[in-house]
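Got some structures for you, see below.
Below are two complexes that have subunit A in common, paired first with subunit B and then with subunit C.
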Partner chain A sequence: MAEKKLLLWLSQLACNANAHSLLNHPSLEEFQKSFDWLYHPLLPSLSSLDEILDNYEEMECDILLIDGALCAGLSKKGVRMRDMLEHFAKSCSHILTVGTCATYGGIFSAGGEDRSGLHFDGEKRLDGFSDFFEKSISLPGCPVHPEIVVSVITALAQGGSLPLDSYRRPKEYYGYTVHDGCSRNEYFEYKIDRHDFGHLEGCMFYEHGCRGTYSAGSCNMILWNGVSSKTRVGEPCHGCTEADFPTRGLWRTEKHMGIPARLPLGVSKRAYLSLAGVAKAFRIDRFHRRILEDEE
Partner chain B sequence: MEEKRDRKIQIVVGALKLFAEKGYYRSTIPDIAGSLGMSSGNLYNYFHSKEELAQEAIRYISSYLAIRIREVNESKKSSREKIEDIVRIYFETARDEPQMIDFFLRVYLSNREVFSDGCEGMVCVNEFITEIMIFFEEGVANEELRNQDFFTAFGLFMGYLGGMVFLYGERMLPKALESYIEDISENIYRALGV
Partner chain C sequence: MSRTLRLIEKVEGEVSLSYRVENGRLRAVSTSFFSSRGIEKILRNREAMDALVINPRVCGICGHAHLMATVRALESAMGNPKLTAKAEALRELTLTLEMIQNHFKWFFLTIAPLLGMKSPIQAAIEPSRTAASMIAVVAGQYPHNSYAIPGGVVCEPTIREKSILLYSLEKLIGYFTRYIVDTDFRSIEECEKIENILRMDGYLPQAMRLIMERGWERLGRSRDRFIVFGENGIFRQGKSMATRYYPSLRPDYIEESFVPESGANSVRYRGRHYETGPLARAMVAKRPLIREAHRRYGDSLLSRIMARVCEIASLLHYCRELIAGIDLSQESYIEPGEFPQSGVGWGVVEAARGSLIHRVEIEEGLIADYSIITPTQWNLVASDAEEGILHGALEGESADAPIELIFKSFDVCSVCTTH
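Moving on, here comes the complex of A and B:
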């Protein structure tokens, strides 16, 4: 049997949601048999955080997972986290930025100028760790779906190649939009919002701030806990995989003279409005009734 | 195929002139065919009914205006300048091709039953509406126009122009239509601007 790959999870400014999210993977026990954690804040590990902080210069890992926003002055037990990151980054084969904060800075970067993701500050590319850019893979999400973390680690351990986009997100998971697989697509096609929070009906793109049509992610294809997603339970997608997350006014669609200010990814204004004009001309009664209400 | 489409456009253009002279309801298929020097039977090869011809006519007018407004939208001008360009396009069309605006105001807007099956909602004027929407959207995005409901802005803009052209058509305006362009554009800008 091949030697187990050694994983290291290093939290920066983090809320631990990504670490908790990983615990929801249905085959976590199987995954654990295939890998060793040098350290993970919640899972059985070979070392404690104290031991790593005291002796990190003698340690190495195969895959480094970074969670949380990087902060220039952050240190633990007198060890600058930046120095420790750099040490492990040099020797590891792959770096995964787990979650939106480690990738772009996310919500934590709003708290100070000295905070960012590993390679990006929002959309802006940073130079600080550019030597490690080619070995880095971004797994944004707030939190990231556990299936993505487990599958990417497994693929890397098996020597598989992962096509990446310009933010170094694996296209297999981020080459789609959250709109793909959304159970409300018929309402989108006919431009019907008619949504009440928590209900099954209506598309939330027009009034309720849904960012699914222009946010990368497979939330509606790889469901959360195998059954659900934000849009399926009647909540708009907040675009948590994107560099501008979190935006303000998350439950409201910004509009210019009634026209959504942001349109589906790559769709021109003229193309969108032409199609919308045709779709809106027809009233389809089925979309104006509650799905579960009694038929007359 | 191309030839058939060109012929259809020729029929639409001829029919629009006849509608403006005789009125839509008083113009028959034989009248339209006669005015084009063709037989009714031949005309039916292109349009199965007068309603179908009317629907093609409104799509043609919508496209005629849309092509011109699209050029305005694609220019780098300010919203204030674009308003004046759009007003000019509308008034010049009313002056040079009065049968088009006449059909739009007197037939399309006043006889919805002709358009209920095939031109639902604003489907047949979609090209024109799309360009107006793009003009409004970009004006708001550039912070030149005040953000509001589309129809409140659309009604103010197009209702105003339609009213002026209607007065022009009834020969009730004391001055030439184009002499009002500047003041009307200023009024629209003041009403819609931030």
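Moving on, here comes the complex of A and C:
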């Protein structure tokens, strides 16, 4: 890369986990050599936030990263965050909404008035920043996986195409469901309903509210912290990448007439029931034994 | 007389610090926060188990402590169901690892630049990334997992996870030696002489020397009152007035009150403000090196920095014991039974920055009320400059003093404070 691109990270109503999560990227030190931060809430930066608040009208960045839920009334040192976002959004070449809050509003949108993502309030498209819709890319997740942030910034700096879906999420990471790659997949395929917490075995779709089959994400393919994922260890996916996060009753499966109310992404009830019927017609012993049991 | 307003940044968000300067001295110190996310409101009328998912999102650097406080609060409302030793040890382990990543990040990203130290970014990144991946081996991911639930933990680690933990911990210990103090980490716990540390190589001795060369070692002294609510394999509950120790605390003696100009709640125990965090933990547990620092420099910024960084050694040692003690054959989870339709529960843990307290009230099976008291509230928020802990550290200080360093010696968390 010829010239270092200038990145700017601006936090709105946030918990700072997206910023911390980035620090867990296995090649962060190398990434840091190719980019400069005008400001990042943890990493060494060219400016202080104080300087930016005082002089933002004379400043620019290449890629603007927005973290946290936008809040109409939020200001810092008397500077309205909305005005500052708008200023940088105009001149930058790309905007990334990092995390579910900045993308859809997320958890904190329920904590007060006038809170939302940059372009979405849940699933609803907003007008406020629509001039910048075409230069925006959504990177939901609570927090967003650090690999996604690093790969997308790198791809943008190098040019080339980045296929996006209707929420403007890069398909390389959000064109899958969290279910892809889960170590509990066989229990799902063969419709074994039983799952006990604290066990390696079982799928959490049937009883414990796992949203992996209909949540966009690649947690089980790229793995968290290079080693694991919620569903692999035995925690249901709560759908933290989705516009409706957090739903209610996060640890149980809502059912209608004994059938999970939400079915895998794009799968019709008829297709689901037919496959389930076939799978349930067989009893496969292996799925009813503990994996770590000693064998004769 | 006009007030000085300073933006203190990179404290998990920002805090606005204001004071008057009279005859070159700071007066009427106060802090204020820009926003609150309303977590307690978000929790109301939700199913109790949902709090396990919402609450880690209070904070990006100590969210795991919020998970542990939540699960304890829920369990206490359920009448404290039985846990296996394995489940307890795993919870302790991941909580301790979170503190380790916090302390490394704080020292190298927050304190080192203020002292002009040229430590490499790896000193912050390598250990915190290793600790985070160790948490993920057990809990699925870090930050933001909810693997501890009433009755135990959701995972079932095997020899695979255990060996990853064992060897990763040795890596962490290696980072301590490489970046903090070049000595056997166990010797820090037993060391009683500050000179012994000063003579060693490493960024901690370098930081201590820099502070002393500038004559800052006694700056930032406050009320000399310490409080620790959490109790576990290395921390002891109690309060300490200077070096006098008083055991046993009652959470119902805690009073919270909203301070409008601050936008946050202040906390007192029986009417008084206390410092919480690693210095408090070391004073209450009577750790020799930190008691010696306190004897010489009081509850100063140097004592605070030493307490937090040296705590890493105790935390590493604790992790080693915990990992060695895990009996994989035990159950991870024991079904705790139905949630009560109504009840009250308290959850208390030591988080990286000090005592963290959650209280839940359940009615008709839903959360009727939830309150969260965070360490930074203890240390930073007060309605009266004559009372607060940070206020004590800054009030009357010279305007030329390293004000930001004194402030950040508390390891402030803005997002937790207002939550």
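Here is the rule we use: the second predicted complex is superposed on the first by the 293 of 296 C-alpha atoms of A that agree within 3 Å, B and C clash if a C-alpha of one lies under 4 Å from a C-alpha of the other, contacts with A are read in each partner's own complex, and residues count from 1 in each chain.
We take it that a contact is a pair of C-beta atoms (placed from the backbone, for glycine too) under 8 Å apart; a residue touches a chain by one contact, two chains touch by 3 or more.
No experiment lies behind these values; they were computed from the predicted model shown.
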Three-chain arrangement built on subunit A, subunit B and subunit C clash or fit: fit
More subunit A residues in contact [subunit B versus subunit C]: C
Partner chain(s) touched by A:Ser274 [first = subunit B, second = subunit C, both, neither]: first
Which superposed partner A:Phe282 touches (first subunit B, second subunit C, both, neither): first
Angle at the Cα centre of subunit A, taken between the Cα centres of subunit B and subunit C once the superposition is applied, in steps of 10 degrees: 120
Touched partner set for A:Ile259, first subunit B, second subunit C, both or neither: first
Gap in Å between nearest CA atoms once subunit C and subunit B share a frame through chain A: 19
Intersection of the subunit A residues that touch subunit B with those that touch subunit C: none
Of subunit A, residues touching subunit B in the complex: 255-259, 261, 269-270, 273-274, 277-278, 280-282
For the subunit C and subunit A complex, residues of the former touching the latter: 5, 7, 9-10, 12-14, 16, 34-39, 41-42, 46-47, 49-50, 52-54, 57-61, 63, 87, 105, 109, 113, 121-122, 124-125, 128-129, 132-133, 135-147, 149, 151-156, 158, 164, 331-333, 415
Residue numbers on subunit B that touch subunit A, as the complex places them: 120-123, 126-127, 129-130, 133-134, 136-141, 145, 147-151, 153
Complex contacts: residues of subunit A adjacent to subunit C: 11, 13-21, 23-24, 26, 28-29, 32, 41-44, 48-50, 53, 69, 71, 74-77, 107-108, 110-112, 142-143, 196-200, 219, 224-235, 238, 240, 246, 248-251, 292
